[in-house]
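We call the chains A, B and C, going by the order they appear; numbering starts again at 1 in every chain.
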Amino acid sequence: MPENPYLPKLSKIIEVKQEADGPRAIKTFRTQFVEDGFTHECGQCAMLSVLGKGECMISISSTPLEKEYLQFSILKMGRVTSAIHDMKPGDLLGLRGPYGNSFPLQQWKGKNLIFIGGGIGLAPIWSVLQTARRTRAQYGDITLLYGARTSADIVYKDELQELKKEMTVHLSVDQEEPGWEEFVGFVPVNLLDKKPSPGNAIAITCGPPIMIKFVIANLEALGFKDEQIYTTVENKMKCGIGKCGRCNIGLHYVCKDGPVYSWAELRRMPQEY
Amino acid sequence: MVNLDDLKKEAKRILQDDKVKYVVGYTRSSAGPLASPVFIEDPEKIGELIWDASCVQNLAKFLLDEKRRKGRAKKPDTRPIAIVVKGCDSRSVNVLLQEKYIERKDVFLLGVSCEDLGVVDQKKIAQRFEGKTIQDIKFDLSPELAVTTEDGTVKLPIQEVLADRCLECQANFPVVYDVLLGDKSRKKVDEPFGSLEEIESMAAPQRWEFWQEQLGKCVRCYACRSACPMCYCDECVVDTIAFAVAADTSAEEKAQKIKWIEKSPTKSENFGYHMVRAIHLAGRCIDCGECERVCPVSIPLRHLNKKLEKAAKQLFDYNAGFEPDKPALVSSFRDEDPEDFIR
Amino acid sequence: MDMILQKKSLAPWLERLEGYDIYAPVRQDDIWNYAHVTDGRDIDLGYPNTVQSPKPIIFPQCETILEFSASEDGTPVMREVIPEPNPFVVLGMRPCDARALTLYDKVFGGDIKDPYYWKRREKGILVGLACTVPPSPNCFCPTVDGSPCSTDGLDILLTDLEDRYYVESLTKKGENLLNDAKTLFKAPTAAENKAAARIKSESEKKINRQVRQLAEVPPKLAGMFDASLWDEEAMSCLRCGICTYLCPTCHCFDIADELSSSSPLKGRRIRNWDTCQFPDFTMHSSGHNPRPDKASRLRQRILHKFHYFVVNHEAYQCTGCGRCISLCPVGIDIIEVLDKVRDYA
């Protein structure tokens, strides 16, 4: 009898890091499977299970080249994510996956990669960035444009400082705050300010829906073609395997046929996400 | 007799005079013999309106949609809408007014009297034809109707297939209206709670068995709630974890919302849902009968609400939907209220 | 293999089927619904169609996916609850309801098989009853590539010949069912063959309703996402969910955890029917809802059934049973909507 796709695999939390405090708390969890597990590709997600509370679909933000653990960065939103935030190293999470399609890294060899993230949106594209970093020679220039509401909401603060030594990193916060020396303003505005070149480039973006909308518009203004822009779509999901109907958009089930889409594909789909 | 042409004339007039945004009335339906609600904006389309014993729906329900629509619009069109109301439906409007959910100026009421009849029960008609497929029913021969099956056409008196609630009707013509068509004499009802007799005569263990069986059928489609004009809560007891979420609702608030009733259709949860809904309707339900009519698994829901309606009458001499300016039953206390529970 | 079964031999045949649970339409207060039947004489197949399709037999309204608890040290323990039903026979299925199961097979099969569905599906033997007359004034199966005597999805098809049934076994499972009671069946005469053929060929002509040129609808729908039609059609919708709950092809479900005790942890994860017509179906945890109004939800139902499913599975996600039309409290008529889509300018 083949595996039951609804049965989670137990995974132990080995590390918890508080990325952001306060009402929009974000924590990063690293997990190791107890028995058998699964590997993933960049962009894929997993259903995290807290027995008794429910499940939620979270992007796997670690690179597939990292064999020791899977990483999830989770914004505390509701019932299930609050329960996960209460968990400590040693606690067990259920994981099902990997679900969805992946970023077509093969097609991007030799190209310049421009990552544009907002808030927790950096997590779903982090796996691509880390993969590119570990296989640096295969890609052209790497640029990261990342912003959050305030400096407290910025994720991967330590890693970003490290990244600054290896690639161009432009950070921003939405509004003035004491001690902030970099750009002040929304991410799409910072994008226009820094004007990355579309030549031989791929733009990968993720963030709040409104940010994605303006980033895509501004990328087009900067000369990026639809096929050069990639994003990952968020949707309410339950089964993760394209059967329960909830994440249906157009001809696709986002859990199965997405969540990674080029703007060329996404613009042709019904705009209901 | 309610003259359909008079109804059409009134509806056309208020549309032409720009008094209302649109008229909600009844029209012939391709889906089956019963009428369907119709929304008419263009005065020239007023010919679509009908009025007969197939007009079962309670159009007051659409006042809820209208309010939500206005709530969502940036610059809402605050003109009233017009709805065609029967006696029972008008009582719903009174309850909505009493609870200040809508204002009187939000609705123009085209009242029609059921006179000494009412609306039909489709199941009673089906019973008369023993499972044969009913192909068509003609309602324009009041007080008779004509039913066509593969065996031919048969006429029968509407009185014989009236909905149970019409047999206990307390308002055969609207009690609130802007225009009233038809006869204004009160229909005499010998036994206003006659439908409860059978179930009240059951001993408690029997009644428990009965409800376990009936509520065990529930598939939790919530059609009863969706059809009820009194069920307007944005956050329903059975949906507390889904609704009333704004962008600034904190994660803690969402995490701490209690799931009062589980979604699964087990006996305990089905009981929970129906009993709580009945209690939330106590003193508010006006017995339009829609909940029972729409139920796809034929649960006799009217009995639950009727029992509480009877209690409201017997304990507090209260009839919902007649006096919108008086305080609602469950939100007021009078010195004469029985208080035998206080020792 | 074609045989004849006298109607009075129906109950004896079922009695010979030891080890099978029998589900058949049962009449209660003049409506018919499938029930588990223990006495073959309770079965009366002279019925139009059931109110609820037979889908709950194979895809129940609620089923447990897994049970969980915590061991002494707090480690969560899970136990999958894969159904192990008895072999069962569904007797008297109308061809539209049987075809609907072939559509479920596409959804619950594919690259990842849904074990809960297939465990039930594989144990079922489906005995259909051809529709001599349309069971409902709202039947339209020929429009959606079906027919009142279709054999899609069935193991046996019965055709009513007054006092006997014309029995066609269509699969090995069906044949085995006949072999369990060989003596009750006999070969048909030429007259009986002719009678059955005549009834079948006339049955389709008796269906009154149709959507002409339905094939024009899927490509039309592709460009109708922003059409004003949806607002108009959804005005009277009560978002009650009846259309989808009674539809034999609708398959959306919810997954939820239910606790019987929080400390120590004990409970189950279940799946329930859900519907795209409920307002919170697509609502995110943040409150953002991609389908916030009735128009967008009605649009989803039509687009999914007559466009997305057609592209993905090469079939309409509708078998023309007419239940959604007959039971909609406000008479929203999918045939009318499809006509309007086809003619939309």
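Everything that follows uses one rule, which is that a residue touches a chain if its C-beta (ideal position, glycine included) is under 8 Å from a C-beta of that chain, and two chains touch if they have at least 3 such contacts.
Please read these numbers as outputs of a predicted model, since none were measured by experiment.
Ranked by how far their CA centres sit from the centre of chain C, the chains are topped by A.
Innermost chain of the displayed assembly, by C-alpha centre distance to the whole-protein C-alpha centre, is C. Once the centre of each chain is set as its mean CA position, chain B and chain C turn out to be 30 Å apart. Centre-to-centre, using mean CA coordinates, chain A is 49 Å away from chain B. Once the centre of each chain is set as its mean CA position, chain A and chain C turn out to be 39 Å apart.
Each of residues 77-78, 81 in chain A touches at least two other chains. Across the assembly, chain B contributes residues 254 that each touch 2 or more other chains. In chain C, the residues touching two or more other chains are 254, 256, 283, 285-286, 288. Here chain A touches chain C in the complex through residues 1-2, 4-8, 10, 51-56, 77-78, 81, 92, 94, 209, 234-236, 238-239, 241-246, 248-251, 270-273, going by the rule given at the top. For chain B in complex with chain A, the residues that touch the partner chain are 241, 250-252, 254-255, 257. Listed in rising order, the residues of chain A touching chain B in the complex are 23, 25, 76-79, 81-83. If you check the complex, the residues on chain B that touch chain C are 29-32, 34-39, 57, 61-62, 65, 72, 123, 126-127, 130-136, 150, 219-223, 226-227, 239, 242-243, 245-247, 249, 254, 262-266, 290, 293-294, 296-298. Interface residues of chain C, counted against chain B in their complex, comprise 27, 29-33, 46-48, 51-52, 61-62, 133-138, 232, 235-236, 238-242, 245-246, 254, 256, 258, 270, 272-273, 275, 278-280, 283, 285-288, 292-294, 325-333, 335-336.
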